[in-house]
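Order of writing sets the labels: A, B, C, D, E and F. Residues in every chain begin at 1.
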Amino acid sequence: MSYTRTDGRRADQLRPVRITPDFMPYAEGSALIEMGQTRVICTASFEERVPPFLRGTGQGWITAEYAMLPRATQQRTPRETSRSGPSGRTQEIQRLIGRALRAIADLTALGERTITIDCDVLQADGGTRTASITGAYVAFALACHRLVSGGRLERSPVKGEVAAVSVGIVDGTPLLDLKYDEDSRAEVDMNVVCTGDGRFVELQGTAEHTPFTRDELDSLLALARQGIEQLLIAQRAAIAQAASPVR
Amino acid sequence: MSYTRTDGRRADQLRPVRITPDFMPYAEGSALIEMGQTRVICTASFEERVPPFLRGTGQGWITAEYAMLPRATQQRTPRETSRSGPSGRTQEIQRLIGRALRAIADLTALGERTITIDCDVLQADGGTRTASITGAYVAFALACHRLVSGGRLERSPVKGEVAAVSVGIVDGTPLLDLKYDEDSRAEVDMNVVCTGDGRFVELQGTAEHTPFTRDELDSLLALARQGIEQLLIAQRAAIAQAASPVR
Amino acid sequence: MSYTRTDGRRADQLRPVRITPDFMPYAEGSALIEMGQTRVICTASFEERVPPFLRGTGQGWITAEYAMLPRATQQRTPRETSRSGPSGRTQEIQRLIGRALRAIADLTALGERTITIDCDVLQADGGTRTASITGAYVAFALACHRLVSGGRLERSPVKGEVAAVSVGIVDGTPLLDLKYDEDSRAEVDMNVVCTGDGRFVELQGTAEHTPFTRDELDSLLALARQGIEQLLIAQRAAIAQAASPVR
Amino acid sequence: MSYTRTDGRRADQLRPVRITPDFMPYAEGSALIEMGQTRVICTASFEERVPPFLRGTGQGWITAEYAMLPRATQQRTPRETSRSGPSGRTQEIQRLIGRALRAIADLTALGERTITIDCDVLQADGGTRTASITGAYVAFALACHRLVSGGRLERSPVKGEVAAVSVGIVDGTPLLDLKYDEDSRAEVDMNVVCTGDGRFVELQGTAEHTPFTRDELDSLLALARQGIEQLLIAQRAAIAQAASPVR
Amino acid sequence: MSYTRTDGRRADQLRPVRITPDFMPYAEGSALIEMGQTRVICTASFEERVPPFLRGTGQGWITAEYAMLPRATQQRTPRETSRSGPSGRTQEIQRLIGRALRAIADLTALGERTITIDCDVLQADGGTRTASITGAYVAFALACHRLVSGGRLERSPVKGEVAAVSVGIVDGTPLLDLKYDEDSRAEVDMNVVCTGDGRFVELQGTAEHTPFTRDELDSLLALARQGIEQLLIAQRAAIAQAASPVR
Amino acid sequence: MSYTRTDGRRADQLRPVRITPDFMPYAEGSALIEMGQTRVICTASFEERVPPFLRGTGQGWITAEYAMLPRATQQRTPRETSRSGPSGRTQEIQRLIGRALRAIADLTALGERTITIDCDVLQADGGTRTASITGAYVAFALACHRLVSGGRLERSPVKGEVAAVSVGIVDGTPLLDLKYDEDSRAEVDMNVVCTGDGRFVELQGTAEHTPFTRDELDSLLALARQGIEQLLIAQRAAIAQAASPVR
C-alpha cells in the first residue's frame, strides 16, 4: 500500500467531521456538516402538499435539491440558474439524496405532505454528495422530531438511520473518504449509503480508468462500513445536542 | 426460492437475446438488440471534432444519447423534446452508457474525434439501459472496424469488450435480467457492467424499499456474472456475422 | 424530358413501397412504411382526454408528432430534444400530418378522446413527410378498427382514405416521388395530399429557385394523382393483411 | 353563388389597399400596408453578416420575422416572448415570407450581407401573412434602392416583383381576399404567392373541413391571379412615391 | 449652463408631445404617444381573471408588458422572443409601468379582473419608459371610461393621474427629457413618476459615472416637476378628445 | 412619531451589524454580513476575461449575481434554477449591485479582467439588497487588496467606498433599515446607495400604496445618510481586521 495522502491521513481514516444542528433557524430542521474542507448546509422543509402522483394515497413524499454556491470551488463555477435547469450531475445527486432518505422513512406516517431536503454546498473538497446525505439525515430527523412535538405530525416518519461515505482506489490503494485531489485521480470511485443496522441502500461504483476486480470491491466495502459507523455516531451526537432544548 | 417468473424463466435465465448488426445503414456502426420484448436500436456515429475540453490534447471522446419512441411503452410516453432538455433519468442513463464505452476504449487511438452512441428504444420491457450498453458495444466495435479498414483511423480504439445486465431481488428471490413487471416490484435493483475479462466497470445497486445485506449483494453479483458471459457470446457472434463482408 | 434519375426510375414511377402493419405491438395501431430507402415508423395512440379547447364539445382530436432518429441521415443530425422545442420545419410537418388525418376523420365518432400519431423516421431519403402521412393513415385505420372491435368506440372515426406523395421539377423535368438527391436540387417541390376519391386535402408547392407556370402546375398535379392511386392500393393491402386476425 | 360577404364586397373584390412607404424612418426600407382592417408594419434591415452556412460563398441571405402586437386581435393574445420561442404557426409564416422574397432576389448581388424582413401586425383581420409578403416586397425594394444609391451595394438584388393574396371557399363560394370572419369558417383556405410576370412562387391550399376538387382549384387560382394584379399596381405606386425623393 | 442640446432645446424644455387616443381600435383603451422621435403604442386590455394570489380577494390587478419593434432602433435589435424570456432591462421597465399605474388605481373598484397594459415602442430616441407610463395612463383612463359607460364596471378604478419624465445631468448641466444622444452620455440619469397632485410615485436616480450631490438632486427634481405639469395637460387633452364621442 | 417597531429600535436606529471577512476561503475576497436576522454571503471572484463589448478596450468589468437559499425565508421559496432564468426582481437586484460597485471602481486599473460579485442570502429579514451592496464592497476591497499584493494587479481598482441602506415610511413614520415585517407594510420603500464622501450612487424610491411628498423625501434622505455613516465604519473595521494578515 504505497499511496501517501496529501493531508497525512491513514487510508482508513475519515476527515474531521463536524455537524452543527439548527444552522438555518427558519427551517423545520437543519444542519451544517463539515468533513474537512467540505461544508454543506442541509435543511428539511415541510409542506402540506404532495406531488400529483400521490394525491389521495395517504402517502407523503421526500425530495431533494442540491446546489453549490459559485465560490464553493477553487475557480468560480457558474450557477445552474440559466438555460435548461440543473445539469445531469446535479440531477443524479438530487435523486440519490432523495432515495437515501426515503429508504429510511415511513411515508405513511408523513401523510400527504412533502419534506424537501435542500443541500447547498458552501465549500467543495470532494465527497459533497455523501456529506449531503449524512447531513440531510440530521436535518430530516430534527424536522420530524419538531413536527411531532409541535403536533403537526402524529408519529415520526423516521424509521431508521442513514449515512453515506465515498471510497475509492488511488494508485492501487483503497482509500476511505476521498478529498478532491484524490477523487480527481482515482481509478475507482464508489459511493456507499448504509442504514444504521449496516444494510446497503445504495452502492454506486464507477471505474473511471481501470475496471476493478471482485477483491478490490470487497476491500472498498470494508472501508466504507468502517467510515459509516463513525458518521452514525456524529449524527447521533448532533441530534442529541439539538433536540433536547426544542426551540 | 419461491418467486415464479411470469414468463416461466428460471431465476438465473436471460430472456432470448438477438443482436442484428448493421440495422441502420447510414451509420458507421449499428445494431438492433432484442432481449425478449425489449428492443433498442444502437448506432455509432463518427465526427471529426471533440468537445472544447479535449481540443489540443490528441484525445478523442465517446458520448451517448438515449431516448424512447413514444410508443415504446404500454401507454404513450410524451417525448422529451419540449421544455428543458432530457429528464434526470435520461441523463443518468446517457452518462452511464458513455462511461461504459469509454472504459474499454483507447481514446488516444481515436485521436481528436468523437464517437456518438445513440440508443433509441423501440420497445421497453425492462432493462433498456443495460441492453443499450450491450448493443452499443456492437455498434461501436463495428464502427471502429470499418474506420480502420476504411483508413479513417490508423488503429482501433477498441481495447476490450463490455456488456451489461440487470439483476434484482423480487419477493426475496435474486433474479437475473428483470422484465418490466419484475423491475417495478423489485425490492432491490442493480445494474452491472463488466468487461470481457470479468472486471467491473459500473455497479449501481438501489434498494427501492428494503435495504439489502452483504449476502444478498454476493448472490446478485454471481447472477450478473453468469448473464454477462452469455451476452459476450452473443456480441461476438453479431460482430463476426457483420464484420466479415465489409459493406 | 432530358433528366435521368440516379436510380433509373421513369419520371412517373414511385420507389418500391412496402407497408408492414403492426410494427409496434404496444400501440393501438402502427405501421412501418418504406419507400425506397426512406423508412418511417407510424403509430396511433388512443387517450381518454382532449385538449382544453374541445372539453365539453363531444368532439375528439387527432394530433401528430414527427421526429428523426439521429442516424436517419447520412451525417448525424442532432436531436431536437434540447433548447427550445422542435424546429420550424418539424412543426410544419407535424401540423401537416395532423390536418391530413383530421380531413378524413369523423371527430364526433371519436368522442372526447385524442388519437396521437407519432411518425419516427428511421431512415431519410426524401419524402419523409408524405411517407409519414401515407403510413399514418394505416396506423390510424388499424387503431380505429381495433377500438371499435374491442368496444372502446361505438363507431369508427374513419370516414375516408388519405395518402400523400411529393412531386417536383428537376432540370425542367416534372418527376414523381423525389429521392433526397433529386429533392435537394429541384427547382420546384410540391407535396400533394389526396383523399381516396381524388379530392385535394393539401397542396403545398414551393419554387426553390425558379417560379413555375400554370402548365407546369398541371403536369405536377397529374403525376401526383397517379402516384397516390398506387399508394392507396398499398395501404388497402396492408390494412387487409393486418386487420383480419385481430390480435 | 349564394354567399353574401359581411362587408358587401363582390366575391372577386379586394379590400381597400393602402401602402404607406417609409413608415419606420430608422429602417433601410419600410412600409405600412393596410388591407381593410388588417394593418402590418414591414421593415427591411441590412446587416454586414451572413449565417454560418453562407460564409465564404459570396452569397447573401434574406430572412423574415413575423409577430403580432398583443392587441392586434379582438381579444388580447399573449406575446410569444416567453417559453420556447415562436409558435409553429409563426414559424411557418416566417419561413413563407423569407422564401417569397428570396424567390425574386439575386443573392449574389447582395454579397455576404443579410436583409432581415420584420413584419409586425398592428391589427389582424385575416390575410396577415399575405399582406406581410406584399408589404415586405415594398420595404425590400426601397431598401435595395437606397443601398445602391447610397453606394453600399453595387447593383440591386431586386430581380423581380412578388405579391401575395389569400383565396378560399366559403359556403361553396370561391372568394378573393378573406377577412377574419370568412377565414374562420372557410372550407378551403389557400395562399398564393406570384411574381410580377404571373408565375407561382408558393401555393398553399388546405381543406379545413371539405376536400376540394380540381375544378374548385382552378376557380381559386383565377381569383388569386386577379387580386395579385391589383396588388402589384399598389406596390409600384408606393415605391414610386417613396423612391423619388431619396431621404 | 454650458451644454448645448443637439436639437436646440432649452435645458428645461420638453420635446414636442403628441398623444393620439384610440390608435388601436380593438383595445378597450389605447394611445400613440410621441415625444419627439420617440413613439410608443400603449393599449389597455381588460380580462375577467386575476392572478392566483388575488383569487377570492375581490381585488383586481394591473400589469404591464413592454417591447420594442426590431427597427425601433438605429441598428436592428433582435427580438426577445427566443431563449429565456425578456431581458433584465425589459423586466425592470415592465415592473415600473405596472407599479405606476397601480399607484393611482382603485383595485377594489376593478373587482377580480386584470387590466394588462402593453407598451410597444415603434421608435426609440430616449425616454421610452417614461413615455410608456405617460401614454399608458391615457390608455388606462380611456379603457376605464368605456368599461363603466358600457356597464362592465360599476365605478371607475381611476382614482388619480400619473405621468413620468426623465431628467439627467450632461456635462454638469441638469436637463429635462433626455434624447438618446444625451441619455447615452449622461453622468446621472433619473426617472421621475408623479401623480396629478405633485406627489412622487417613483424616483429612480442612477449615477452612471459620477455620483451626485444633494444640490444636484434638488435641481433635477425641480426640472422633473415642471415637465410633468405639461405632460398632465397633454394627457387631459387627449382623453377629452377621445372620450366625448364614445365609440 | 407614533409607530413602535417590533424589535424596539428607535426610528433612526440600524439593526446590529456584523461583518465577518474571509468567510469563503476559496474566493479572492469574501464577507458574511449580518444585519439583525438578515445574513448574506458576499464573494468577489477574479477572472482573466471580459464580456465581448469590452474586448480590446483595456477596461475591466464588475458584474453581480444574487440568489437566496430556499430556506432563507420563513416558508421555503423555490429555487430560480428551473425554467427561464432569474426573476425580474432578482435581475433588478443584480443590476443594482453591479452598478453600485462600478460607481466606485477604476475599471481601467482592473484591465481586461472581470470581478464577479456573488451575493447569496442565507437568511432574509428585509434589506437583503442593501446588505448585499454593503457586504459586496468589503469582498471587493479585500479581493483588490490581495490581487495587488499578490502581483496580479498593478494598482487597486478601488477608488472610493460604497454602502447602502433602506429607508421607508410605515404608518406615516419615516424609519431607517426596515425589517421584513416593516417592509411588507410600508407605504414608501426607498433604497439609498452612497459613496464614502456622501454623494448618491443610486436612489430608488417607490410608493407602494401612498405617493409621497417632497418633505417626506427629505426626511428619508436624512435617515439614510445617518445609517450609511455607521455602515461605512463597520466596513472599514472588517477590512482592517482581514487585510492585515494577508492569507
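In this text, a contact is a pair of C-beta atoms (placed from the backbone, for glycine too) under 8 Å apart; a residue touches a chain by one contact, two chains touch by 3 or more.
To keep track of the chains, here are their UniProt names: A, B, C, D, E, F = Ribonuclease PH.
Remember, it's a predicted structure, so these values are computed and weren't measured experimentally.
> If we look at chain B (Ribonuclease PH) and chain F (Ribonuclease PH), which chains touch each of them?
Expected: A.
> Compare the contact pairs of A-F with each of A-B, C-D or D-E and report the one sharing over half of them by residue number.
Comparing residue numbers across A-B, C-D or D-E, the repeat of A-F turns out to be D-E.
> Mind checking the centre-to-centre distance between chain E (Ribonuclease PH) and chain F (Ribonuclease PH)? Centres are C-alpha means, answer in whole Å.
So the centroids are 29 Å from each other.
> Between chain D (Ribonuclease PH) and chain F (Ribonuclease PH), tell me the centre distance in angstrom, where each centre is the average of that chain's C-alpha atoms.
Distance between chain centres, rounded to whole Å: 52 Å.
> If you average the CA atoms of chain A (Ribonuclease PH) and of chain D (Ribonuclease PH), how many Å lie between those two points?
Between these chains, centre-to-centre, one finds 60 Å.
> Quick check on chain E (Ribonuclease PH): which residues sit in contact with 2+ other chains?
Residues 82-85 of chain E (Ribonuclease PH) each touch two or more of the other chains.
> Provide the residue numbers of chain A (Ribonuclease PH) that touch chain B (Ribonuclease PH) in the complex, in ascending order.
Interface residues on the chain A (Ribonuclease PH) side: 83-85, 87-89, 91-92, 94-95, 99, 103, 190, 194-195, 199-209, 211-214, 217, 221.
> Residues of chain C (Ribonuclease PH) touching chain B (Ribonuclease PH) in their complex?
Listed in rising order, the residues of chain C (Ribonuclease PH) that touch chain B (Ribonuclease PH) are 24-27, 30, 37, 41, 43, 45, 47, 65, 67, 69-74, 76, 79-83, 85-86, 116, 118, 120, 122-123.
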